Amino acid sequence: MNFISDPVAFIADLLAKLLFRIGLSQIQVTVVSEFIGAFLLGVFGFSLVIFTIWLERKLYGRIQDRIGPNRVGPWGIFQTFPDMIKIFTKEYITPVGADKIVYNLAPILSVSAVLLTWAVIPFAPTIVGTDLNVGVIYLMAVGSIGALGIILAGWSSNNKYSLIGAFRAVAQVVSYEVPMILALLIPVLLGQSMGVNSLVYAQKVWFIFLAPVAAFIFFTSCMAETGRAPFDLLEAESEIVAGYQTEYSGLKFGMFYVGEFLHAFTISALVATLFLGGWRGPWAQQVPILGVAWFFMKTFLVYFVVVLIRISMPRLRIDQMLNFNWKFLTPLALVMLIVTAFVEKGFLLISPDLGLTDSALPWVRAGVHLFSNLVVVLITIQILKSHRIKAVRVVAKPRPVAVAPEPPASVIS
Amino acid sequence: MSTDLLVWLLPLPPLLAFFLIILLTNRYKAFSHSIAIGAALLSWLGSMVVFFRAINTEHLNLNPFSSAINWIPTGDTWLQVGIWVDPLTAVTLFFVSWTVLMIFIYSVGYHNYGQPQGEHDQKGLQPHGASIADEHGHKHIVPSIEPMYSRFFAFIGLFAFGMYTLVVSDNLLTLFIGWEIMGLCSYLLIGFWYQKPTARAAMIKAFLTTRVGDVFMLLGIAYLYTAIGSLSFSDIFKPETLHILAQTPALGGFLGLSAAGLIGILLFFGTVGKSAQWPLHVWLPDAMEGPTPVSAMIHAATMVSAGVYLVIRMFPLLQAGSVHGQLTPPMMLMTIIGAFTAIFAATIAIAQNDIKRVLAYSTISQLGYMIAALGIGAYVAAAFHLVTHAFFKALLFLGSGSVIHGVEHGVLHTGENVDPQDMFNMGGLRKKMPITFWTFLIGGLALSGFPLITAGFWSKDEILADAFGHGHWVVFIILALAALLTAFYTMRQITLTFLGNPRTKSAEHAQETHWTMTLPLIILGVFAIALGWSGISESFPLIGGILPNFVHEFVGSTLAEFPEALPFSVWPLLVSILVSLGGLTAGWLVYRNQKVGAEDPLKRALGPVYTVLKNKYYFDELYNIIFVRPAYWMADTFTNQILDRKIIDGILHFIARIASSVGGILRNYFDKPIVNGFGDFVGEGVKKVGRNLKIIQTGRVQQYLIMALILAFGAMFFFVFTSLQH
Amino acid sequence: MIPLSWYLTFAAILFCIGLYGVLVRKNAIAILMSIELMLNSVIINLISFWRYRAPEGISGQAFAIVVFAVAAAEVSVGLALIISIYRRRKSVVAEDMNLMKW
Amino acid sequence: MTAQQIIFLVVAAVTLIAGISVVTSRNLIHSALWLILTLAGVAVFYVLLNAGFFAVIQVVVYIGAIAILFIFAVMLTRRVMQDTGPQSNSYWWLGALIALLLFAGIALIFTNWQGFKALPPVMLDQSGKLVQLGLSLVSPDKYLLPFELASVLLVAGMIGAIYVAGEKKQ
């Protein structure tokens, strides 16, 4: 096994041989190496945050027709470090009456939730944290822990704004989990497995082509999950100061901040792996390193879209947000799940007597699924249009014309 | 039509008439009397046909017209009912049908058919006459029609049905049924004018006294049935059954009588009741309260003669066991009672003033004659006298009816308040009512036995000859005396009513009655004379052989062994002629110039005996004392006061007291303390338990859970330990 | 290798703790939490029995899944009830809810 | 003592302590948090029992949904309790006694049960287990009925909850 084909394994073996020489028993060796692997992944996550913060601020500038940070280091790439230092030096203020334990526990939970998702995402065919066969549901479980963190933060800081922020967060996060799971189920259905890596393997044809609607639903619900862009009611500055983060300061606030950014990047990684084929690309099988490159390219592409949306979209009202979820996303996700399942079953029954060559089979299947998706989209558009007309008709009722009151007789004469 | 069927149909027309009148034509007088007379005519015609066929058949008694049907199932055999016509029945049919028809016709006139309705005539009272205005305006009171006109005809129709069934029946049971129907009709007809208290008393008296006789008769019939298992005459008169009955001693050796004797006596008591013989005669004179056709029909022709007919019919039974002419105990009893009744009734008759009562007592004495004749074995003579007596007694009664009717007419005319039935208010009706007078005279002479021409003489003479012939001296003397008295009171009656001159104004105004009443009198008159000649015995001097002694051959043949004709002896003939002529002349001499309001010459002659005779030997008062008052006493004081009030009510009250006291005790000592107590105890107990249990229900879920778990663990540990043991 | 007894004792202890909680806690929501504890111990039992008695079959797991569903339903209805009682009685203390009808 | 046993004991200790604190902690939010910790402990146990799917389900269903529901409920009814006074009612000793009694009974039964000390049989291939479970849940002859009934129960629970807790629009 040479370095190029599987660098991670190579390094791992090197490390193992080193430890054996030190004299640790087999169990201890595996424990230590597992621990080192996990530590590396965590550190990698945090370092990414530093880069993404810079990237995002640069993009904000450019979109808002300004340069963005360019003072610290060339093109401002070191801007994040002074921010970090500033936050580290801030004083820890804990509000009076706050529930100390819960107050301190909240930021840890929210950051750890995000980091835990990276354990499952495959960078390359061989480079992956752990290949759980229930990976997809693991992602869901971790998402819910994040929600927990936000609630505790809002609750324990003994502040009305933070409490309201917490309630809004819970409402948003918990209710958007439903369409996210349903959307996740569609790639699982297509890939016939719940392991994330096996899903990537199954993506000979990117799932975005087979289930574009599912991709759209997953992407929007993930956006809501992070509490970014159009759905950033969690810490809507204009309304509730910083939402659940108001009472936090110093490193705790930093943790939240980092958690949020990393979460944005994570969801783009998820979208990339689940719908854009993750590390799939030419020669990725042969040279794992290439897989990593493909993976990061796709992730940054999706991330760019996320940032774009974040800047351009106005904030939604809470009822609009909930209605959008319960009245549009969830039903659409359910319909899509059912349609995909039927089409998939139908295709499986018909495919043998179609006489397709092995290579053409996935493409035909993709076409069929694409077609079903398009049909569903058209139907939804029609429904929306009729719904809108009805709404308009209601609105369009003529308002009674204002008539000046009749002057009393005495005045006229 | 075969004679059997004809005989079956004989009784039906009167019955149909009865129902038709009662149910349908009660309101229409003309319609109902025509139905009744039509029915009587039909039965009369049937009887005549049967009579002539019976005469023309030889040895009728060997093969009589008879047929029987099964009526009541008695186990495996049937009680048979049917008809039986032998010479005796034929002869009885003859006189019954004639007299019934005559009386039906007579009743039309008697009840003033065609007269106007009386203004204040009431149902149940004699009509009081109606006032009508003739052409020149002054008022007349005219006899008014009987308000219950059709009802009368219905009852006599039913009576005729009863008589016919009795006559034609072939067994004692239907005979008894006919007997009872006649009893009922006599009751209804005596009390026809039921508003009169005397009529009501008379009808009850008649019914009860005949009822006494009927009870004994029924006992006799029952005993007979138990003895030989059948009631029909053909079975009874078989020689061997008669022999058995004669030999077997009566049940319990009653007075040493044989079965036949006892049955005979019991049946005879029925006749004593029905034909008003000595002990049970009291009802017949009082029965005169009924209208005269009733008295004529019931108390002269048919009903009373039914009693004698029964005895004649059962003669072989009564005679069973007598050896060469010696009288059996029932015959002995009959002779005694018959003879005594004859002389007894005759003595009372001479002291009566009411025209109908005289005839009533004369009927009783004549019946006594017949019973006495049967008693001494003069079977043919008794039958012959029965027939002739029926005719001239019916004639006399109807005659007295028309006399009363005429005098009543006079009473209404003059408005005089006088009793139309009392002979001393009459007199001199010879000129006013010639037809009634002559027919009444013929009847009277026949009754008293005027020699040679009247039928009465031949039949009575026969009886006296028999008595004389068979050496029954005592009977002969008594009967001769009775005949003397009969002749005397008959002549008394005729002279008081018809001869002399009228003693009251109403007698002066008496008028001859309507033809419907006088025609029957004439017809009966003819029979009263002509019938005698059919029974002249051959050995009679001079005119003996001219006409065959038809009665002797024909009626005699009903008996098993033919009774031989007696050799003629002059003594009984002389005695009877002497007796009748003597009586007649004596009667005429005594009463020929009876003045208005004068006393009865006999009163002076007999003195106290006269009053005794007038009051009928005080038998009514005697019976009143012996039977009626004790019965009342029994009913009122004994049963009501003592038995009912004191004893039964006493017992009941006692029981009631005991019951209430027991109830009280139970209530106080058992019900209240124990039962209620237990009830309350349960109630309180439940409440207490409820109060204690209440505290468990705290409403706290966790406490419930703890309790549940404790119990569960208890159970668990128990099972675990037990399972651990083994 | 871990014997079955460890799992069963652990589940029993957890169950008893849950039972104690249910019997003792004043607050209705605390009671519900204890019930959750008891349900979890049940599921542990189920899975351990599956693992130790019949690993080749899947009935144990199916059973567990159904218990999961029931637990979820139970909690949701329980909390809904408690909230409606709270809204009516302004109290969540189990002892206050001692009347069948207010 | 193998690695697994060590992990088992550590996690068991942690979970039990969390369980006890759930039951005894004065602050309701803290008891909710302790509950979450116990649930996580139980999830680890599932992993030890080679039932990975259940661990994840446990996290998603219990921690993700039910725990949050609890916290919600606590928040909604916070005003009353104000964490005042003793959290457990007067006869807590009785509860403790019964719990111990129950434990003694169960222990008694376990000791008598011969399969108590059983060692885990060797697990063959694990991969097909999840698919087999999924299929069994939906195949009619296996566990379709309980699965459907559970779903009906959930829907009923949901509707009931909404109806009971929802604001009655007058």
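Letters A, B, C and D name the chains as they come in the text, with residue numbers starting at 1 for each one.
Keep this in mind: a residue touches a chain if its C-beta (ideal position, glycine included) is under 8 Å from a C-beta of that chain, and two chains touch if they have at least 3 such contacts.
All of these numbers come straight from a predicted model, not from anything done at the bench.
A.B. asks: Which chains, if any, touch subunit B and subunit D both?
C.D. replies: Joint contacts, listed by label: C.
A.B. asks: Smallest number of touch links from subunit A to reach subunit B?
C.D. replies: Minimum step count, subunit A to subunit B: 2.
A.B. asks: Whose C-alpha centre lies nearest the centre of all protein C-alpha atoms?
C.D. replies: C
A.B. asks: I'd like the Å distance between the centres of subunit A and subunit C, where a centre is the mean of that chain's Cα atoms.
C.D. replies: Computed value for the inter-centroid distance: 33 Å.
A.B. asks: State, to the nearest whole Å, the distance from the C-alpha centre of subunit C to the C-alpha centre of subunit D.
C.D. replies: That pair's centroid distance is 6 Å.
A.B. asks: In whole angstrom, how far does the Cα centroid of subunit B sit from the Cα centroid of subunit C?
C.D. replies: Taking the mean C-alpha position of each chain, the two centres sit 115 Å apart.
A.B. asks: Round to the nearest whole Å and give the separation of the Cα centres of subunit A and subunit D.
C.D. replies: Roughly 29 Å separates the two chain centres.
A.B. asks: What residues in subunit D touch two or more of the other chains?
C.D. replies: Expected reply: 53, 57, 65, 72, 89, 91, 94-95, 98, 102.
A.B. asks: Give me the residues of subunit A that touch two or more other chains.
C.D. replies: Nothing qualifies.
A.B. asks: In subunit C, which residues are in touch with two or more of the other chains?
C.D. replies: Only 19, 23-24, 94-95 qualify.
A.B. asks: By the touch definition up top, name every chain pair that qualifies.
C.D. replies: Pairwise, the chains that meet the contact rule are A-D, B-C, B-D, C-D.
A.B. asks: Under the definition above, what is the set of subunit B residues touching subunit C in their complex?
C.D. replies: 698-702, 705-706, 709
A.B. asks: Given the complex with subunit D, which residues does subunit A contribute to the contact?
C.D. replies: Residues in contact with subunit D: 27, 31, 99, 101-102, 105, 132-134, 137-138, 140-141, 143-145, 147-148, 151-152, 155-156, 163, 167, 170, 174, 177, 194.
A.B. asks: Help me check something: in the complex, which residues belonging to subunit C touch subunit D?
C.D. replies: Of all residues in subunit C, those touching subunit D are 1-10, 12-21, 23-27, 29-30, 32-34, 36-37, 40, 43-44, 47-48, 50-53, 55-56, 58-59, 61-62, 64-66, 68-77, 79-84, 86, 90-95.
A.B. asks: For the complex, give me every residue of subunit D touching subunit B.
C.D. replies: Within the complex, subunit D contacts subunit B at residues 89, 91, 94-95, 98, 101-102, 105, 108-109, 112.
A.B. asks: In the complex formed with subunit C, which residues of subunit D make contact?
C.D. replies: 2, 4-5, 8, 12, 15-16, 19-20, 22-23, 28, 31-32, 35, 38-39, 42, 45-46, 48-51, 53-54, 57-58, 61-62, 65-66, 69-70, 72-74, 76-77, 80-81, 86-89, 91-92, 94-96, 98-100, 102-103, 106-107, 110, 115-121, 123-124, 129, 132-133, 136-137, 142-143, 146-147, 149-151, 153-154, 156-158, 160-162, 164-165
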